[in-house]
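Take a look at the following structure, please.
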Amino acid sequence: PPKKEEPAPVPAPPPLTKVTVMLDWTPNTNHTGLYVAKEKGFYKEQGLDVEILQSGEPGPAQLVAAGKVDFGVSYQEEVTNARAADIPIVSLAAVIQHNTSGFASLKEANLTRPKDLEGKRYGGWGSPAEHAVIEAVMAKDGGNGKKVKFIDIGSADFFSVIGKKVDFTWIYYGWDGIQAELRKIPLNVIMLKDFDKALDYYTPVIITSEKNIKERADLVKKFMHATSKGYELAIAQPEEGAKILLKHAPELNAELVMASQKWLSTQLQADAPQWGRQKKEVWEGYAQWMFERKLLDKMIEADKAFTNEFLPPK
Amino acid sequence: MKRYVSSFLAFLILLLLWEFSVEIFQIEKFILPAPSLVAGALIASFPLLLEHSLQTAVEALLGFGLAVIMGTCLALAMGLLPWVKRTVYPLIVVSQTIPIMAVAPLLIIWFGYDILPKVLVVALVCFFPITVSTVEGLDHIDQDMVKLLLTMGATPGQILRLVKFPGALPSFFAGLKISATYSIMGAVIGEWLGGSKGLGIYMTRSMHSFLTERVFASIVAITAMSLILVGIIEIIARLTMPWLYQKISWQQDEKV
Amino acid sequence: MKRYVSSFLAFLILLLLWEFSVEIFQIEKFILPAPSLVAGALIASFPLLLEHSLQTAVEALLGFGLAVIMGTCLALAMGLLPWVKRTVYPLIVVSQTIPIMAVAPLLIIWFGYDILPKVLVVALVCFFPITVSTVEGLDHIDQDMVKLLLTMGATPGQILRLVKFPGALPSFFAGLKISATYSIMGAVIGEWLGGSKGLGIYMTRSMHSFLTERVFASIVAITAMSLILVGIIEIIARLTMPWLYQKISWQQDEKV
Amino acid sequence: MLEIKNITKTYSSPQGEIWTLKDISLAVGKGEFVSIIGPSGCGKSTLFNIISGLERPDRGKVLLSGQDITGQKGHTAYMLQKDLLLPWRTVLDNCILGLEVQGVARDVGRKRAEALLPEFGLEGFARSFPVVLSGGMRQRVAFLRTMLQGKEILLLDEPFGSLDAFTKGEMHEWLLGIWEKYHPTVLFITHDVDEALLLSDRVYVLSTRPATVKLDVEVKLERPRFRDLITEEKFVKLKKLLLEALAQNKPHS
Amino acid sequence: MLEIKNITKTYSSPQGEIWTLKDISLAVGKGEFVSIIGPSGCGKSTLFNIISGLERPDRGKVLLSGQDITGQKGHTAYMLQKDLLLPWRTVLDNCILGLEVQGVARDVGRKRAEALLPEFGLEGFARSFPVVLSGGMRQRVAFLRTMLQGKEILLLDEPFGSLDAFTKGEMHEWLLGIWEKYHPTVLFITHDVDEALLLSDRVYVLSTRPATVKLDVEVKLERPRFRDLITEEKFVKLKKLLLEALAQNKPHS
């Protein structure tokens, strides 16, 4: 029998570079872009093999700085704090353009504006920043934040406490707010960004270490290009994005993920020219705001805290 | 088995009480899900739970194994060399006051986010009971047995093999059983530090998705796995130490 | 005290090693601060640390007290009524496999946000060793002593007071000491659930502010407080049970 | 004064029924010192448990001064096989344990006990804990505790079983002295033929299980007695008698 | 064969020096059964510890067949005061412990031991663990273990001290039989005068601490001996002699 022709040897693809990303929480719709990029092979196209990890204590900031993971999902407050403590991390992209958090209460409590919160019970986790934020937001509306009663609810979730032990708490609309919609619990939410421009900070953001930027700029660029592509797809096809997220984190509540992803798809890029782009005034404004309220020991150099350099050119 | 009947009944009654109070007081399921709901979640997410459980089991077993090795070596060093015991034992006891959750982040920073830090958390949790029990076992060996072997001209190695090892075995296994109880829990704590698979991950994800019944389902899985591990050790103990479990008939009836 | 000299020296050597390796390997302080830095943080934030420690101490002591009451009552019930022991004991042992961190959020939901859930966490952590030790103490009381009192015509109350209570005391105190070791840690875990004051809060805040040396300072505080508590219990034990600590001179020398 | 009538007792164990006592009858007069001797495990302690009311016989009666006290506790002062000193009580407080149970105020009891300490060789040890006592002293504390209960009859179950031969000898001499002085009514269990003969007015020999009374020997040796009696001819003759009775119990002879 | 020459031993304890043995000399001939009797705590076990090489004397020598073995282990087979059976070894494996330490293969040792089990009343118990044995059987296992070591001299420290009087009597008879058959050289410690006389060819009486040799009695009673010997006249006479020697040790006489 004629000898079968040996198939031409396919040139072995260059070995993939191992890259790790640590999330700021359990996987949620904020992270969909990362999973999409992984699932759709955007990372592989760039020669990367990305592993996505869930975090606990401590957040990813220290791990990124210590070089234990390459990238992390963090938020502007943490990056600011870290840089003030000389921990060299840098924000590469804002995952959501505007702050989607706010003070939520049951509709029947009728707390529609910050001033209404006077004399009400706030359920928080006891960080000094909470006091400052509440006072700032209420001051803008002519209210007195000192009149709010603070109650520690720690790790208890929104739904187990609201309307019982406390009147309002601080939530991310894209997760808890959507869950409330699904449960048909009507809420009033006072969004932070509507009342104090300084509080319209970026949360979450994608970070890496200064060392990576200096020594492995190419890798950072490849990672961010693929990630951008992932988030762009999530913006364009939220249902597809949600499905991919659920495939990688099947423990999540599917209904919640679907609804949340749809809501977020309009928030991710929002009014920015491009997904992920950050503005210096946001970084400086928030740092200044923190410094003024003694939440920071020293002022940070805002333009070192973030960079847009690794986003794909537009 | 028979002697556990009454606790099992008590447990069933507790479950029923729980089921009915949830019903009667209309407790919302995200505050306290009814046992039936938990059972449902257990069944519905069984394949997923199994997958995570396997990861946790691997971590727990590796950590447990590491703790057995570390604990036994340290206990032997302490049991055989008094100055090691005098020096190390107080430090080990004091170290127990350090909350593992406070040290765990350091483990992650030092050893990365892979399986290693989880294994180390399990080992840290498990190693104390094993060490303490084994040291106690070695301490309580009848010194006259050692003396007897000395009169026979035995070497230190023979004394170790013929008297000290077997004499410390019951305490050693007692320590193993305590450690086994905590090993799965240790792995879950380790997973809370970060990772991508395991019951601890399943648990936090469920918690953050407001799926309280799944949180309970994972507690059930943790307990079941712990009990299985303890059971396995009990079986090994019985096989290793038949003399301890031999039925003692009325001693007076075997007269000279 | 003298017998702790060698461990203390070993501890100092460890500290020195740590100090120098941080120096030599240029380990960044947010990864592992040098002991001198920790000492500095300890001194600098002493008043703050003291304030938080007081809160934690109050929680720990209340929880510990609660555990003593719960544990003793349960142990007495189990020690005196065999059917209670047969039913409850296995359940208690199995309950030890449930990670406290998994139940803690429920405590918050059920018992509010005040000091109570923290006290409960401490009590849950502490109550197991106390119960188990006391039950064991009651189990190992010489039944012939009970028999002796019966022949004297003693009532159950008299037997309890004259034989069972004092006979179980040494085990009871052994359990107390183990519990005391874990009580401060329990309070810190409780505080991690949420709160506004206490070492646990101080610790998470320091962690989130990347002040790792303060995290270590709080670990030092936790250890110190635990040791003080254990010491206090040791003193109480010595005062309560003078017969246990009485110096035994060579028994052969007190011949008839 | 104490009469035991046709006592029978069977235990059930996982291995089946254990027939311990079979139709045992014996009597102790007032001020008499009576010993019971018998092989290990024959049921001697069981008999005492029945007399003291700790257990009930299957059949038979216990009479004290003609009154039926079967199954009633508190009529006798029982000194168990072990000394059973409570380690957490001082010597003095161990002595008054029985009085305390009876409801006597501590102070009263302590005074009564303290007066007797020298005679029991316990002077200066009132406030010591039992750990520091030697074996012989422990037995004397246990004995004082038994005496102080003020019961009409003392049941002593192998009080010197755990002592070495020399201490035992001393205790014998001491006990003979105490007995001369107070003449308590004593029922005494022992394994030791020499001990039984030296101390008693009468000796019952029990058989192996199920125990029956094999022999009932009057010990007609004049009192006061001393230790040297052991090697005297009359004594050795009685000993031979007892040893033979015991040997008949052995399964292989 | 075994000679002990001018042995002196002092312990230091927290309460000061304890002078245990003072210039003790004694000798045991080949095939002789020699007993040592003395008050509790006088230093009998200490003497055995020195002979077996576990401890060193302050002064004096231990000679075996003329050879100085002071402080050397492994020349004697020592049966300690407790039976010290290893609970995790079967009866058979307990018996061969000494052989195993000497490096004899297990199989060889087991065969040798198994052949002797019937004679030691242990037939059918080869594969049992010690928990199921009675006190007398335990002592026989310990004795077999000692014999099997194949040493020239056996040191037995109160082997029957923990047995009750009846079991003890049976063990005496059994030991007399074994001794008739094998004629081992034995040095035997006891508290019990009857036991010493019944078993031995010679008895040394030690004084209280510091122990010296008070008396050295040849026991000229014909062999084979049986238990009834105890009540015979020759025996009682010797007993009186020993008891008197012991009584002289008492501080209060």
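Here the chain labels run A, B, C, D and E in written order, and each chain numbers its own residues starting at 1.
Everything below uses one rule, namely that a residue touches a chain if its C-beta (ideal position, glycine included) is under 8 Å from a C-beta of that chain, and two chains touch if they have at least 3 such contacts.
The model shown is predicted, which means the values in this text are computed figures rather than measured ones.
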Task: Minimum number of chain-to-chain touching steps separating chain A from chain D - done: 2
Task: Where chain A and chain C overlap in contact partners, by chain label - done: B
TODO: Enter the angle, 0 to 180° in steps of 5, of the rotation superposing CA atoms of chain D on those of chain E.
DONE: 180
Open item on the list: I need the chain pair with the most C-beta contacts, please.
Closed with: B-C
Open item on the list: From the mean C-alpha coordinate of chain D to that of chain E, what's the distance rounded to whole Å?
Closed with: 32
Open item on the list: Measuring centre to centre with CA averages, how many angstrom lie between chain A and chain E?
Closed with: 84
Open item on the list: For chain B versus chain C, what separation do you get between their C-alpha means, in angstrom?
Closed with: 20
Open item on the list: Need the CA-centroid distance for the pair chain B / chain E, whole Å please.
Closed with: 48
Task: Residues of chain B touching at least two other chains - done: 31, 101, 105, 109, 192, 207, 249, 252, 255
- [ ] Give the residues of chain E that touch two or more other chains, as numbers and ranges in rising order.
- [x] 40, 167, 170
Open item on the list: Counting only residues that touch at least two other chains, what does the list for chain A look like?
Closed with: 57-58, 62, 66, 157, 160
Task: chain B-facing residues of chain E, complex - done: 52-54, 73-74, 76-78, 80-82, 84, 86-89, 97-98, 100-102, 121, 129-137, 149, 167, 170-171
Open item on the list: For a test of understanding, state which residues of chain E touch chain D in their complex under the given definition.
Closed with: 39-40, 161, 164-167, 170, 191-193, 227-228, 230-231, 236-237, 239-240, 243, 246
Task: Interface residues, chain C side, partner chain D - complex - done: 142, 144-145, 147-154, 158, 162-163, 166-167, 169, 241-244, 246, 248-249, 251-252, 254-256
Open item on the list: Show me the residue ranges of chain A that touch chain B in the complex, using the header's touch definition.
Closed with: 20, 22, 25-28, 51-58, 62-63, 66, 68-69, 157, 159-160, 179, 249-253, 256
- [ ] Over in the complex, which chain C residues touch chain B? Could you list them?
- [x] 3-4, 6-7, 9-11, 31-32, 83, 86-91, 93-94, 96-99, 101-103, 105-106, 109, 181-182, 184-185, 188-189, 192, 203, 207, 215, 218-219, 222-223, 226-227
